[in-house]
Every structure is written in C-alpha cells, then in structure tokens.
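Structure in structure tokens, see below.
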C-alpha cells in the first residue's frame, strides 16, 4: 500500500490553471497533487551569442524552488550567490526536453525562456516543470502565430514527463515526497506524444535494479504521460 | 484622472488568501490590485550568531521577484550570483518593519524568516510584502501560542505599509506601476496601528517636494493603512 | 544632556579641505566632528549602457568604509567579495541625492562618479558623504565650465544632508556614534537649498514615533543644513 | 562505417596505468582511445557535516577538464569563478555511481574523494571517469585493508560506465568526439558487475528514440562494460 | 635627467603623520612625494585557524587603492566582487615583510592586521605601505607594552622598502609613476636595519638586466632605506 | 647533507616528454624529480581588449595544481570559486617571464596561452612551469612558422627558471618540498640564455639574508639554468 493510498499505477490529481500571471506570453500553475509549479514563457527578440545570425530560435529554462516550498526552509540561492548543482541539472533537463519538440527554424531568431518556480514541493517538481513548460510554451507560440510574427507552427508534438520508482520492491507511478525519499530506484521519463522517448534518467538510490524493472517503469511512465497529454490538450484548447 | 480611474485617495482592491502553501508555519498570498506577493513565515529553533545566548528571538525577511513578475523579463538573481542593491534594501526594510512590532523576549530564542516572493508586480511590491508579512508572522505566532511553545503573545500591534506619491502634481494613494514610473515623488510609509510611524522613505524622483506635500502623503497613507489593518484583522481571525 | 555636551540643536564642527587629492576632477575631505569622509569626483566621457545616445549625462556614487574607520575593525568588502546591503543602500541614496540637483541635459553625455570613502567614522557618514559629494561635484563641474566642455551650469542648487534622531526622548541634531547606537528613532534628511526636500528616511529603532516628532526632526534638519550650505558655499568660492 | 573504422559494437583500446601519481592513496591514468583521465582517490579521516556521528563513511567525486584537453581551448573554471552546470552534473553522477557499490558502514567514518581530471578529451570523459574511479577507489580501499584501518571490504562489486548512441541511424558503442557531436541520441550507462544497472541517462539530441533503440543501446553497453570489468580486474590484481 | 629633476640617487620627500585616525591601535599617513598611504594597525585577540593554540601571534596585511588614487579612475574591487592578482600579490608581500621582523612568541596569541589604503598614487605604493606599516605596527606594539598586555618587545628591528629601477639606461632610486611606466627594469627591495635583506623582487619590464645592474639597484635601495629608517625612528619616538 | 642525498649544487633529474597531449599547438610534460607539470600552448587568433588593433601579439599563462598533486589533498579552486593569491602570483610570474623573450610585433595579433597544470608536486612547481612553458611556446611558434602564419621568429632567446635557497645555513640548488618547507630563504630566478636576468624573487622565510648569500644563490641558479637550457634545446630540436 502506498502512503497516499494510491494504486501502483495511479497518478495524483493533475490541476492546470493557465493565465496565472498576466505579463508573461504564456503562464500556467500546474499541480500534481501537492506539488505546484508556476511556469511562465517569456519571448525575447534575441538569441544567445552562440546562436546569432543563423535565423534560428532557442528555447531555454530556469528552475528554482521558493525557500519554503519544502517541509523545512532551504536557503535562497540568490542569497547564497550560486545555484546548486541540482538546480543546474534540472534546468538543463527542462530546456533539453522542450527543445526536442521545437523546430528552431520555424521559431525564427528569438528566444523563449521557461521559468519554472516551485511554489510548493511534494516530489516530482522537475517532471511537473517539464509538463507545465510545454503548456506555457504552447500558449506563447499561439500568440506568435496569432500576431503573424511566425507563419508555421514550430511545435507540432507534445512532450510530458513523469517520475516512477521502485518503492519497497514495487514499481509505482508519480512518486510523492515520502515515496521519493525511500525509493530504491527513481526514474524520470520525458516522453513524446506518439511513443518516442526524449530522455530517461534512472538512478539506483538504495539498490541497483535490473532490465525488467527499467522496462516496467517505462511502461508506467507511458500510462502517466497519456493522462498528462490529455490535460495539456485541454489546457491549450 | 488616474490611469486606473481611481480617486486620489482610493486604494486598489486588497485580496488576502491565507494558507496558500501548506508547509510554512504561516502563509499568505496578498494582492493589491495586480500586485501579488506570496509571503511565508518559517520558524527555526535557532537565532543568528549575534543573537545567541540572549534568550531573545529574531525576525528577518528575504525578498525576491520572480523573473517574469514584471512587464519584461528580468534576470534571475540566483543565476547572476548576487542580489541587487534594490533587493537588499527592500528585504532590510521588511525585516526592520516587522521587528518594530515584535517583542523579542516573548518570542524566545528562535528565528522567524519572512520570505516575500513577488508572483506578479504592478507597483507597491515592498509595501505589499510588509503588509502580508504581518499576516504570515501572526499566523506563525498563533501556532506557537497554540502549541504552548510560547506563553505570551510577542505581537501586540499591527504594522502595515503603503506607497503614496505625487503624480502630475496630485498626491495620490497606492501607486500602480504606471503611476510609480512617472511620479515626481514617491513615498513608502510603514505605520503602526494606533497612529505611530515605523518608517518613512520619501524620495524625490522628478522634482523635489515641500513639507506640506510630505504631510499630505502621510495623511493619505494613514487612510490606506486603516483599510489594510482591517484586512489583516479579518485574515487572521 | 548629550554625551558630547552639545545642545539638542547644535551641530558638530564642520571642516572642509578641498583639493585633498590631486588626480580627481573634484576632491574634498569633509568632517563633521570625528567623522571624516574623502569624496572625489571623477569625470568619464561615457555613460552607462541604459543612458547611451540620449545626449544626457549621469551622476552616480560609490561608498565604502575603510576597515578601521570604526571602533573595531570591520572586514574589507573587497576581501569578502561583496558589498553589504548597507553599503549598497547608502551609495544608492548618495547618487539619487546628487542627481536631484543635476540637469543631465546640460551635463552632456558624460558620467561623474562620486567616490565616498570613510576615513574615520563617528556617526552620520552617509549624510557627510552627500554634503561632501556636492562640493566635489561642484568643483568638477567648474572645471568643465572653465574648459568650455559644457556651456551652461548643470548644477544650480545645493543639496545637503544631516541626521537627526530621538535620543532619550529628546529630538537632537547631527547624531554622533554613541547617540546613533542608542537612538529610539533615527532620520536622515536630504534637503535642497531654498526649502525643498529630496529625501526623508526616518526609521524607528527602539520605539516608533509620531507625526509631531517627525516634524520636529525635519525642523532640526533644516537648521543643520543651513550651516552646511554655508560651508559648501565657502568651500567652492 | 564509423569515422574511426570501428565496428558498431567495437570499443576503443582501454589503457590503464595505475600509480600514475605518488601522493594519492589510489591513482590511475585511464584511457579509452584518445580520451585520458587521471583519477586519484584521497582518503580523509572526516566526513561531511550531514554524515557526522553516524559511524559511516562517504564517497564523493570532483571532475574537471584541463583547459586544453579539447580541440579548442576552453576557459578555466577556477578563473571564471564557478563550475559549469555540466561539470556539476558529471561529478554528481560519478559520486552516485561509486556510492552504489560502497558499503558505507564497512568504510567507517572517513571520506574518499575521487578527483577526475581530464588530461585529453575525445568523447566519453564522464564514463571513463567512473570506470577509472572504481580502480582508484579499489586501490585506496586495499591500502585501508592492508593497514588494518578497516576489517571488512566495503567494495564487493565492480561498477563501470560506457556511452552508446545512435549515429546515422545505427546504434554504436563507445562514442568518440566526432560521433558524439553528431549523434541523434546519446546514452550513458552505469552498470554493476553481474547485470544490474546503477544509472541510465539516455538523451535525444537530434531525434527522439523508441523503446527498442533504448534496449539495443543497453545491450551494447553490457558488451562494453564486460571488457571494462576485465581491465579493472587486471589493474587491481 | 629625471622627469622630477631629482638626482639618480635622490629620494622624494618623506612625510609622516602619525595618529591620522583615532580608532586604530596604530595609525599613520605616510608620503613619498605625491604617493600617500594611510596605514592602520588593528589588534585582535584571536589568531587565524592555522595558528590557534600555539601561543603565538600573527601579523597580516590588506592593501587597497581608492578608486581615484590614480590618474584615471579604476574600478572599486568591492564592487567588482574580487581583489585583483596585483592586490593579492602586494598584500602578501607586505604581510611577509612585517612578519620577518616580528617575534611571534613574544607577541602572544593575538593578530595585528595592517590595512594599507592608498589615498593618492604616484609610484611606489607597495614599498610606502611596508615602510608605513612598520610605524603603525610599532605604535600598536608600544600600546601593548604600555598596558602590560605583553612583557617583551616582539619588534626589535626595523624593516623598510623602496623601489629602484633602470630608466633610460640609468639606475635610479624611488621611482615615481612616470619613471615606473617607462622603466626597463623595476625592483622592490625590503631591507632590514643593519644590512640584511628580507625580500628582493626585480623584474625586467622592457629589457632584461645583468648582475651588475641588480647590485647597483641594491646599493641604491640601501641608501634610500637609511633615510626611511631615520624617518621611522623619528615618527615613533 | 641534503635529504635527497644530492650535492648542494646538484639538480634533480630533468625529464621532458613533448607532445604529451595531442590537441594543443605545443604540449610538454616536464619533470624535475618528482615534480611533474603539464604545459600546453594554445594559439588563439585574437588578443585581449587592451592589445587590440596594435598589430601585436600577447602571451599569457594560467597555473593550477591538481587537488591531489600534493601530500594531502587541497581543495579545488574551481569548487571554491576563486583562485588563491598564490595561484595568481604564480601565473602572473610565468606570463611575465615568457613575454620577456617574445617579440610581440613578430608574433602578430594573436594570443598564446600557456596552461601549466601541476600533476605532481615536490617543490619548484612555478620554476618548472616557466621552463616547460618555453618548450610549449617554442613548439607552438614552430607550427606558426611552418604554416607560414608568421614570417620571422618572435622567440630568439631561451628563458628558464629554477629555485635556490638557504637550508640549514647552506645555499642549495633546486629545492624539493622538504627543503622548501624548512628553508631560511627561498629564491626563484628567471634567467635568459646568455647571462641576463628576467626576474629575481628572493624571500626570507625563517631568517633574513645578506648580499653575499643573494649572489651565491644567483650563481647556483646560473648553473641550474645551463642544464635546463640544454634540456630545452634537446626537446625542441
């Protein structure tokens, strides 16, 4: 039995509130149970130095946790003067995931930054960020299409992410914080609508795992992402 | 006529949602019109080095703006590796304001940190932070009293803050972003329930001002703070 | 009775030594009793990025305390690798104060930096910095006028600053370190010759204060600034 | 055909030179073709703060590339004043991988740091680091056992890592730099002797991939790691 | 002919004003012509971690140039967030020089920090700092002896420093800024009263030099230091 | 008797392995006994801002010690976020030394960076770096000449460096770590082939020294550098 009473393949409730803030070109407060992430998409009409002059765009991400998003207060990275290795690892993953579904030529020479700020954390903040970032990016792209700034849709597929893990010997879907803390293995899958994979990160924490377990987790993640794709679809219609 | 159509002495709508996040000992999302600040109060059973061993507590604050809280995206302070002078000035003001109404002996040797994170900005974020921080602090203190951790209430008065300014020659209350950008003078008042003053910061931006204008702004701020005190009262009852 | 034996409305001796260093376009060692600040004005024929191409100038300030300006040695900010919040707050205030009396169009596209380095501290270092900075700026501007680099005087009014406070229940003028440490309220006024106000920063330290006290402090500051204006006048003639 | 002329499942030559430096408790220069990494294991008789007093040890890693390990010179991280996100991500992976085969209770309250410095880079530096780190760690542990500092061997299994990828549609083993730059997908596998998995990181670069491709890459990595286990075995005998 | 009209072996005027600031245990404004350095000695009753518990003292130095000590304004190191290599090199030299004449056992477990702040620069700031630092240190030690905090004088010899160089083929003593900028070789000598040498740093700038030139510069430095020893002697009597 | 059994004027074995890494334009692993430094020369077709547009080149150096090059592990500067004063002092010395034998006009508007990474340390790492850097620079320059990128050889003289010191009262050549730790005086000489001096840095550590000792150390250094010049010659032929 999972601490939350959920079945092994049962997701937490997904909540989506688009337009949560008004200035960003795309904005969403996405929730997976008690995990709440605010994602905004900001369009800037310039690209980073290494991309200049190619007529192509760029999509990047930043990630942060509010100091008291967690059970005990963590110190603020801006006050410490640097981002942790964990933060950098996560924001690199988010950026990579969203770039895997964006056609940079169609986007044109502009950058979209996805700011993922965790308002409340209960496990799965990086995967929630990716799933929410797609919605914010989609909304921003719709604005570009509507205004005629771009002609062709650079974003033709959906991307979503979910964590799975082996907890007390059982493969389970969508870990909350209690499960995440005690999991033997913990995997994050970034999946593309239609069946393809953008990224697998599967880590042994307490005990190493075998190929069968990896495949079982991949299968669970497919089930979870189907539900996220549906929620994304509803949010941007 | 103000851009918003408000009368010179008219506040924006005050919205207060307590318990916005679940981990913090006190939490509130406070809004003044389109300005929205999430304030959490975190209790830690230790004090900073300079306060140790005195049997007294400490109240401090941190402030940050989400990168896309504003019209155009600002860079993330954690990524830049340091807090701006503006951020530091604001968090020092918030901490000082809340300490002015806290009896540190009654609080006992523990620290309460008020994290003020601006979700959406439309002028007056520092004063909204102070007014909201009192609510979060009050909620955290009620928890300490309820659990018996402290015996006497260390927080016997309310503190609130509001900005006023001279815009196009007219003294007005509760500036929004458009007014703030074009104000000749801009003043932040931190007031104590009952009439006393904790802090005045009145700055000439476009044109210097005279004593009469200062007094007129002080009077407007008293009107505004009465409404905030009422909202605070309602929120923590 | 004040620790120094001064009457409540009595200033410390003001000393002014212009040309204290030889390289700067303007230079002054200003003293208020034992508080001594070296201010230099440096002209550079370029403006910060946000001001470029407007044909207007910029005035900015930096502030620092020598490590042993104070009773006990403080650590050197360059060695710690960052400026404290207090330092940044003060240098922002100095810059703002001097900009309030400078016509940027008449200054032309150049920047004047006012470096305020506290050689010895005994209270009131930020207000001494502002009062001295006006002298250094005035001297630098006279050089620009004399050389024909600018045609019209961009600096037509004086600005001065002084601290006042409520110590043991009595409003007093020009606090020294002992008074500053024990004041119930501490206010810095930046005043323009002729009666206008550029900035008020009035902070409750031990006890909050009322409107009458604020006005009494403002009145004391007017008395003090009259003496500073006279000293400034004499220094630059 | 691969640029190097290798078959799809063909590794580069593995070279191992133990004792490359003399001060470290364990030291090895490991090479996979032109990729050369110097790994040292340093034992310190203390653990990080979060591990103190538990009677358990800790294994951690640091990673760096010499500025001219690469085709064009990269800037030195010490000179820039911070480690890149990539560096932090890699050193976290190395540490995690080695901890997955270390019994911290048997190691006792001491820390072993694995410094992985890339002398020359031609793809696969992180996996070479992990495979070499096991050797350096093994040598350091043998010293502890020989001196009687520990009684039981904390390191009973081998861990190795290798990269695989899909290049021009073909799954290939042990990517060199040219292949790495043009791969559609790039996966790093950290495997435990005997068949278990410690970590999978599989990332779509140019094109997303499907489950079959993931399994094919896993199979290739098993073939590669068998050769590494043999080389490790020979090195520490 | 030297730009200043001085003879090759002619020093600039040495000026010494002790007690320039009042809080420090030792304080001096030392001048070599237009080079002016304020040195303060601060006693703290603790030593750095690596010296603790040995019953011995420590002497260290910090060095800084005010931004406008020079012909054109340099940026403030505190604002840039780090000390330059030049600054660190100089402060290490100053500390080493003063430690060479201090008996750390007699000083007892306390630290004396010598802050050398260049008020105005015209060449030779590091050597002026060393020569002035001896005076400030001497004054601080006299205070310790007078108060009975230490019994035996830890400072039995004088140390002084001067720069020499080869300018237009001629060896000259006590370079000013113009000479320093065009010197073929530039040497700093730290000498002990009585003839011994604490440090030689002789650098070819434009052209390398031979042994004879090195000895000629050493001889010039001896002449200069004799005058500095006399000035030091007079200052502390 | 020296700890190593060497005669006072006896060098350690010099080992030189050119082409140690393959990407750099020049590369050498140089050893003086157990001290091993990897030096690479990297050519970039741009110069630092202060050299732009002059048609002249620049030579600079960076220095670092691998964390476990030493007896006990030192912390990694990249992880600490700054280079120590010692590191900066050394890399400034290396750059200066190599610039003293380079004709910048003949080099043309390009920069050569000499990265000196200490693989194993046993005293004399900075002098080994200089001696090795000349070899790497020479190799890089030969490449430029061979490719026709430059017409005239900008490097017509050799530069080498060696440390000497007074250990137990005896002047000795080429200090190893044990001698270096206990030397009364420690001197680094940078000499030019043919007899000239580029730099002398002679520091009293335990006891000050006299002129005769300085000359004796200089003479020893000449003997040592003759051997280094021969080794350099052999390496680049």
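Each chain gets a letter, A, B, C, D, E and F, in the order it is written, and its residues are counted from 1.
Criterion: a residue touches a chain if its C-beta (ideal position, glycine included) is under 8 Å from a C-beta of that chain, and two chains touch if they have at least 3 such contacts.
All values derive from a computational prediction rather than experimental measurement.
Engineer: Could you work out how many touching-chain steps separate subunit A from subunit D at minimum?
Structural biologist: 1
Engineer: With one step meaning two chains touch, work out the least steps from subunit D to subunit E.
Structural biologist: When the steps are counted carefully, the minimum from subunit D to subunit E is 2.
Engineer: Would you mind checking which chain's C-alpha centre is most distant from the centre of subunit C?
Structural biologist: So the farthest one, by centre of C-alpha atoms, is D.
Engineer: Which angle of rotation, from 0 to 180°, maps the CA atoms of subunit A onto the equivalent atoms of subunit C, to the nearest 5?
Structural biologist: Superposing subunit A on subunit C takes a rotation of 120 degrees, nearest 5.
Engineer: Indicate whether more than half of the residue numbers at the subunit C-subunit E interface occur in both copies; give same if so and different if not.
Structural biologist: Mostly the same residues form this interface, as more than half of the numbers used are common to both chains.
Engineer: From subunit B, which chain is the farthest off, judged by mean CA positions?
Structural biologist: Between subunit B and every other chain, the largest centroid distance is to F.
Engineer: Nearest whole angstrom, what separates the Cα centre of subunit B from the Cα centre of subunit E?
Structural biologist: 50
Engineer: Any idea how many Å lie between the Cα centroids of subunit A and subunit B?
Structural biologist: Roughly 33 Å, centre to centre.
Engineer: By residue number and range, which residues of subunit F touch two or more other chains?
Structural biologist: Within subunit F, the residues that touch at least two other chains are 81-82.
Engineer: Moving around the ring in the sense set by going from subunit D to subunit F, list every chain once.
Structural biologist: So the chains, read around the ring from subunit D toward subunit F, go D, F, E, C, B, A.
Engineer: If you look only at subunit C, which of its residues touch subunit B in the complex?
Structural biologist: So the residues of subunit C touching subunit B come out as 82-83, 85-86, 88-89, 91-92, 96, 100, 187, 192, 195-204, 208-211, 214-215, 218.
Engineer: Give every residue of subunit C touching subunit E within the complex, in rising order.
Structural biologist: So the residues of subunit C touching subunit E come out as 21-24, 27, 34, 36, 38, 40, 42, 44, 62, 64, 66-73, 76-79, 81-83, 87, 113, 115, 117, 119-121.
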